[in-house]
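So, here come the structures, one by one.
Heads up, the next two complexes both have subunit A, just with different partners, subunit B and then subunit C.
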Partner chain A sequence: MNSLLNSDNILFTSAFAIQFISIAFLFIKDQHKALFAANTVLLIGLTLGLFSTISSALFSSAEISLQSIFFNFIRLDELGTFFLFIIQLVAIPTTIYNFSYLSHYIEENRSIKSFVIFYVLLLISTQFIVIANQAILFLVSWEIMSITGYLGMMLEKEKEEVQKGSFYYFAASHVLIFILYIMFFLLHQQTGSWFFSDYHLSFSTGIVVPIIFILSFIGFGIKAGFMPFHFWLPQAHPIAPTVLSAFLSGVIIKMGIYGILRTYLFIKPVPEWAGWFILIVSIISAIFGVWYALAQHDIKRLLAYHSIENIGIIGIGIGIGFIGSANNLPAVEVLGFGGALLHTLNHAIFKSLLFIGSGVVYQNLGTRNIELMGGIVHRAKYIAILFLIGSVAISGVPPFNGFISEFIIYTGFFKTANELKNFYPILMLMFVVGLAFVGGLAVACFTKVNSIMFLGSERKAVKHFYTSIYDYISLGIFALLCIVIGFYPQPFVGIVNKVIVSNFVSSHPSSALINIDWLFFTIIFSIIALGIFFLFLLKGKLEKKFGKRTSPAWGCGYENINPRMQYTASSFADELNEISKSVLVYHKKVEVSNTAFPLPSKFESHSNDFVDSKIVLPSYKFLSFLVMKIKFLSQTDIRYYIGFILIIITIYSLIAFLW
Partner chain B sequence: MENVLSILFSLSLFYVSVTSRVKGYVAVLRFQGLILSVLVLLPFLKNFSIFGIILPITLLLVKVILIPSYINKIILDLDIKRVIEPTIQQIVFLLLVIATMIVIFISSSVIAQSTELNVIPFASGFSAIAIGIYIIIFRKKLIVHVCGFLVLENGIFLFGTAVASELPMMIELGVLLDVFVVVFLMGIALNKIRSTFEGFEVTDLGRLKD
Partner chain C sequence: MDILQGIISVLIILGFAPLFIGLVNKQKAKLTGRIGAPILQPYYELQRLFKKETINANTSSFISRFSPLLNFVSLITAAAMLPVGFWKPLISFNGDIILFAYILGLSRFFQILAAMDIGSSFEGMGAAREATFALFAEPIFFFTIGSISFISGYTSLFDIYHSIQLDNISYEVFIVICSISVFMLAVTECSRMPVDDPNTHLELTMIHEVMILDNSGLDLFLYQYSSYIKLFIYTILEISFFYPFSQQSYLVGILIFVFGSLVLSLALAVVETITSRYKMKNIPQYLLFATAIGILNLLIYTFTK
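Our next item is the complex of A and B:
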């Protein structure tokens, strides 16, 4: 092809090359300089990559024609480009945060060079996953992504919780890749090709395609964190370095979503049971994800459960899309997949914002326990505001971006009910209520987080709250994206619509997504924002006129309020946690002395994961019990092993002889 | 002629299963090597070619001269006890060997009805494989394990000549080289083991387990 030296192609390839080259700068001896150089080069590479992605067919009329450069190994179709866009968009601010985050470690005299190498490889392999057009390349990139993620998590490897949590991640990734191997071998066996562009299967051809679908859902679902397979997420996210947990939660679990959508493209149209299956799994993930989140005290673990919730919401969108595909309703399809894709982008943005925000707090306070935080708003006002923006966005409250994607999913529900009359309206109504419930719990949860963490007075004395310019840049970019997508969703909706129209909908694409009057949102949100602004002005004026009265936070009339008298995270969520005690595995331990003279009293509450404590660990114990039963076969003497070989050979020969 | 040689080969297996001297094993290895060399030489007596002679000569060199004298040298150098240490009685071992050979010979003749193969070389080779493994399982001395391994290898060689009429010569030579290297390494390993462990029994190696 003559387009080999096309400027777009050069830009695209050099973006990857520059990202890769950044590793070389780690040879600089001084750690601060090495970090600065490598990170800057990585940022340049990522920015170039983002430019080249934006200049691709999905976003403009110019086209990147990499189709044939690497022997068809790489293909930039709309779905892949969209995810590439998400990865690069999230990676840039996260990498900016690297400057300040890792310099903390350098000041503690730790080596961060290996972490940076793993981080760079993680970014590159993740980008390769979405542009791979060949199963082996895909699987290899996937494996590199998993392993570098694991190695990156081991930054503080001397801590016991880090070893435990990262092992969860490693084990889950291991199982997952095994399932993916089976799935791709089945695909290869069905089509005789390793290239994604050759995979066109149909559900009507037999039992293999449903098996492929189920395998893909389990395999990619483990990565994405759908409810029965989510158990590794709350273990791995808290212990990962903040940069990594932001990227992990923002992007890597989205690779599971990418995988499910990619598999859908291989086997579309799907039957309706597949849609219901995903819908039910997703609504369970969403409800229990947020409910578990409410019971957590560890800020990062809480955010990890919120990732499960949001993956559930994305899954609901995919489920609606599947139902639309089964009934050949392009309008439903467009709304379902559109909501899912836009929520993928949105969640990547605000979840990274929240993780990085919590990382800033963690670095200053040295704890992830919400119960020990408080009053941070008096130390770092802008961090609190930026975190609040992320919280509002993740709760799906207007005017930020979370609302837009959830709105599309709600519209999808109503559209389904409208188009498929019969018993659908009542079922859809149930799902609407479920999703609304999720939204309500999310608001409750983030009210808890923001009020306990940022408001009130300090529970733990903080000498100096240090924030660097990089923190603000990184959080600011994310917050800006939240606001932009919230206030002006048209271009993003347009992009999502383009992805779906080109890949997902087979015939007569519907314009249901772009026909929503998005301009109304812009106008209404602007009015709300202006209203708030004027209220603030009014408040300022009134304060000037009448003066400002201050009293201790949540004083409620008490004179000598002390930090221990404040609401705590567990007391805030107690009522809600009591309801679902058994599912949440929620324990409370109260020790009140009942003696004449008061003795110290104690209160403890914690929640274990149901799947982890009731399914995964017991089955692991059972497995190890079984393995111990056959341990007598493990002998010290080589002669026994040769005897075993002889027995096996005899059995084989007998079978061959008698066959 | 092939059948006669194979039967001689099988008889040597009986001897190897009752002898209690390490020297006896080495003598059997020499004998088997000689039989195999003659066996490979036979087809080339009919139509002589200079390349055809390479394999028998190498076989003779490696299996009859080099390996047995190397094992003898190890025995002398390391001052290994000359008697083997069986874990079961010799007569039981012999009965086991006879039973195995009966099963193998009968099943080979059954197989031969449906496929084209020379029954006697095939069954002899197969028996040698089984008995090589038996020797490794039921003897303790490491040097006897080496001999058992070599018997097994001889069996595979004979088996190969029975199944395919002619294996490519390069493969045969490659296998020979492999075997020689293995035995050589075993000798070096035994030398090293002596400096750490007292005896030369596999049970001692069990202490290496983690």
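Our next item is the complex of A and C:
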């Protein structure tokens, strides 16, 4: 508004313009060339955007000042900038992967131009969501994001599973936007404004604000994938094209987290029950998300369940933040929200890495079933290493980034217990144990994924394992980010701290997040890395001296070992699945013939989602049953419909008149 | 001075870890009526393995070669966080209890991967068991040492142990029962009876041993040494409950350290003599039992305080 022409704004605006212009390059006839041109331009736009984000006040040492442009419709506050940073950071490597991923489709003679359009629009609308300062703009961007996501998912629309899975996404998105409409109408009714910067409500004023809170949690919770509302994730992620599932899991579900945090800023401080509510929902999401993941054979579905787990961990952070806010404890608030925000960034990074890694495998083997994979490490060593880095990170195991954010959340628990005394230590201890349990399950799950997919010998033989340079660049960027945030968390923690101190904490700025001895992590992890390196050199020397060779593995003297005799994913997770049978809806069928000459025996196992199979589908069936009851109203004659419309209008006018 | 003491602590752990296991084995042999190997036998074993040729399975990848190194280094790191006697450990900062638990998790992650790397069902079986049981073992750590941390308000292992003041009876009982839980945890994590039988000869019945079945030479050296260190780490976790932290003197420290190790090695030997290994499917129950003890203990302590 005031300085539309200053250099920052020009950079910012041109970044969006360039991203938009990339669509124009799809008019090039040759698909390969069109993809290359459009993708390159999109990348330039995104990189410029990232530069403009990084040069903003959040990342520099300058005093934070609000940037308002375009008549206040757009505002770059710290929270928005942080999410903008996440979106652009994830979008760049994902777009790089587009080069190799979509060229596979072009070779199959499939038109990818419409997909690229949807993809570009999806990126732009997602960025608009976090910078929007006005409810209508927010909702329109949200709707564009949902619809372009849906259309992009339909790339292989002739497949039945694609139609089914994308419909889940579409239906969930629309229930959600309906709830968001109500929520924003309530906000407008309370404040008389459509601008976010005018929304300052307080819980103590009546029943409306709690309703807004609940609506926001349900609405945004559906997008984020908190446990009872998670059912669309495992349906939509597997069928989406890999770039889209990476972006969906890395960024789009984070828009739900953004929404919850944004709403929190409207209504803070919240009462304590809100914090407990989120904590309990989150711990359930985390534990059952990862437990479901353990039972999956479809790699992308497994990763989708892991997103639910990680959203749960983020939610735990938010819950602690809420409790801190309710009790006016800035230190707890900083740790809770800080852990949540950093985990949002971290999860965006490693989940995209894992999705793209699984996409590379899928392109080569043509299956998403991990039971058919194996031994890929002997074909593509570096893909295996990159995927492994992502797995270690997502399990929350040091020295990568997942550990750092979980560590902040743990510290939040300790801080809450310390500050509030009373019965809090015991309650917090329960959550600590819960989180540790989730960590253990994640370790079990990702050792399973890595070892079944990449290690051992090949279950399904492929002639060549194609990898392109783009795969390595894209995965490499993500892996590098995992390592950097893990080994040197200080600057990232600083950014998160800045977001919270300026946006969230009402009283004096607290430095609980900065006070953690982050340097210790850098030193310890470096020593571990160096120690391993020196031991490696030493071992090499000793092996030269004492000898080193390979030989067949021990098979109790049996020689004809074949790849099908390896431990499978089902058998690896069998014991844990048995324990959780009742909640998992886990089915196992074994058929063994007991005749003198045994016939081939059969084994199958699969799991259904509890919410999906016991709640969503039955209620959907019930609904369609009801709809069928009024089917007689559906006529071919248009005059009937005009009659209906007249009747409805009359009823509405009568109501309006009598009100 | 602190750093010097820390380094000496780590060296003590590294140096005496094989001795401890030798002690356990010797006493176990005596209790079962055998003469048994000399107490220093683990040192000879390590020396023997050190000079052997390293053989890897055909189907294995870089993971098999990388994992022993990582395992060893991460266990040394965990050892460096432990207070030996009254000394401040090498690595000690607020929140190191979390890092301690997770560093052990890191070593487990790669050990499971290395086992699966062979592509044989034997190792797969061991790996699956390790993953499952570790999951149930994790809560025990947090219900014991974690709960002391929550009670005292400290988050560094050194401070947590120093906060233990055995002055009132309910806290004493609490600590003693915590130590029992930790003992059950140690038995699980270090693959001792009744969870795992370190001396069995059938691959199907092992957990830890079967995971390193196809390792030899230097790899096996590192794995064995790490497992000795791991047992000693848990021993120290256990002994550290009982230092009289109010009066610090070297003599008392050394005496308790030696005496505690002896008592624990005897306890392990007795348990291994009188129990047999549980059925695999009963092990989660055993671990949940230890967890339940932890929870009950904590609840009782909170309500009698």
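Quick notes on this structure:
Just so we're on the same page, the second predicted complex is superposed on the first by the 607 of 659 C-alpha atoms of A that agree within 3 Å, B and C clash if a C-alpha of one lies under 4 Å from a C-alpha of the other, contacts with A are read in each partner's own complex, and residues count from 1 in each chain.
Assume a contact is a pair of C-beta atoms (placed from the backbone, for glycine too) under 8 Å apart; a residue touches a chain by one contact, two chains touch by 3 or more.
Just so it is clear, the model here is predicted, and its values are computed rather than measured.
In the superposition on chain A, A:Ile182 makes contact with neither subunit B nor subunit C. Using the contact criterion defined above for the overlaid structures, shared-chain residue A:Val392 touches subunit C, although it does not reach subunit B. In the superposition on chain A, A:Ile638 contacts subunit B only, with no contact to subunit C.
One of subunit B and subunit C touches more residues of subunit A, and that partner is C. In the superposition on chain A, A:Phe403 contacts subunit C only, with no contact to subunit B. By the touch criterion defined above, A:Arg549 reaches subunit C but does not reach subunit B. Once the two complexes are overlaid on the shared chain, A:Ile211 sits clear of subunit B and of subunit C alike.
In the superposition on chain A, contact of A:Phe657 is made with subunit B only, not with subunit C.
By the touch criterion defined above, A:Ile532 reaches subunit C but does not reach subunit B. When the two complexes are overlaid on their common chain A, residue A:Val627 makes contact with neither subunit B nor subunit C. The residues of subunit A shared by its contacts with subunit B and with subunit C come to none at all. Listing the residues of subunit B that touch subunit A in their complex gives 107, 110-111, 130, 133-134, 136-138, 202-203, 205-207, 209.
Contact residues on subunit A toward subunit C in their complex (touch as defined above): 374-375, 377-378, 381, 384-385, 388, 392, 395-399, 403, 406-407, 410-411, 414, 417-418, 423, 425-426, 428-429, 432-433, 436-437, 439-441, 443-444, 446-448, 450-452, 454-457, 516-517, 520-521, 524, 527-528, 531-532, 535-536, 539, 542-543, 546-556, 561, 563, 565-567, 571-576, 579.
By the touch criterion stated above, subunit C contacts subunit A in their complex at residues 50-63, 66, 69-70, 72-74, 76-77, 91, 93-95, 98-99, 101-103, 105-106, 108-109, 112-113, 116-125, 127-129, 131-132, 134-135, 138-139, 141-143, 146-147, 149-151, 153, 155, 203, 213-214, 217-218, 281, 284, 298-299, 302.
Partner subunit B is touched in their complex by these residues of subunit A: 635-639, 642-643, 645-646, 657.
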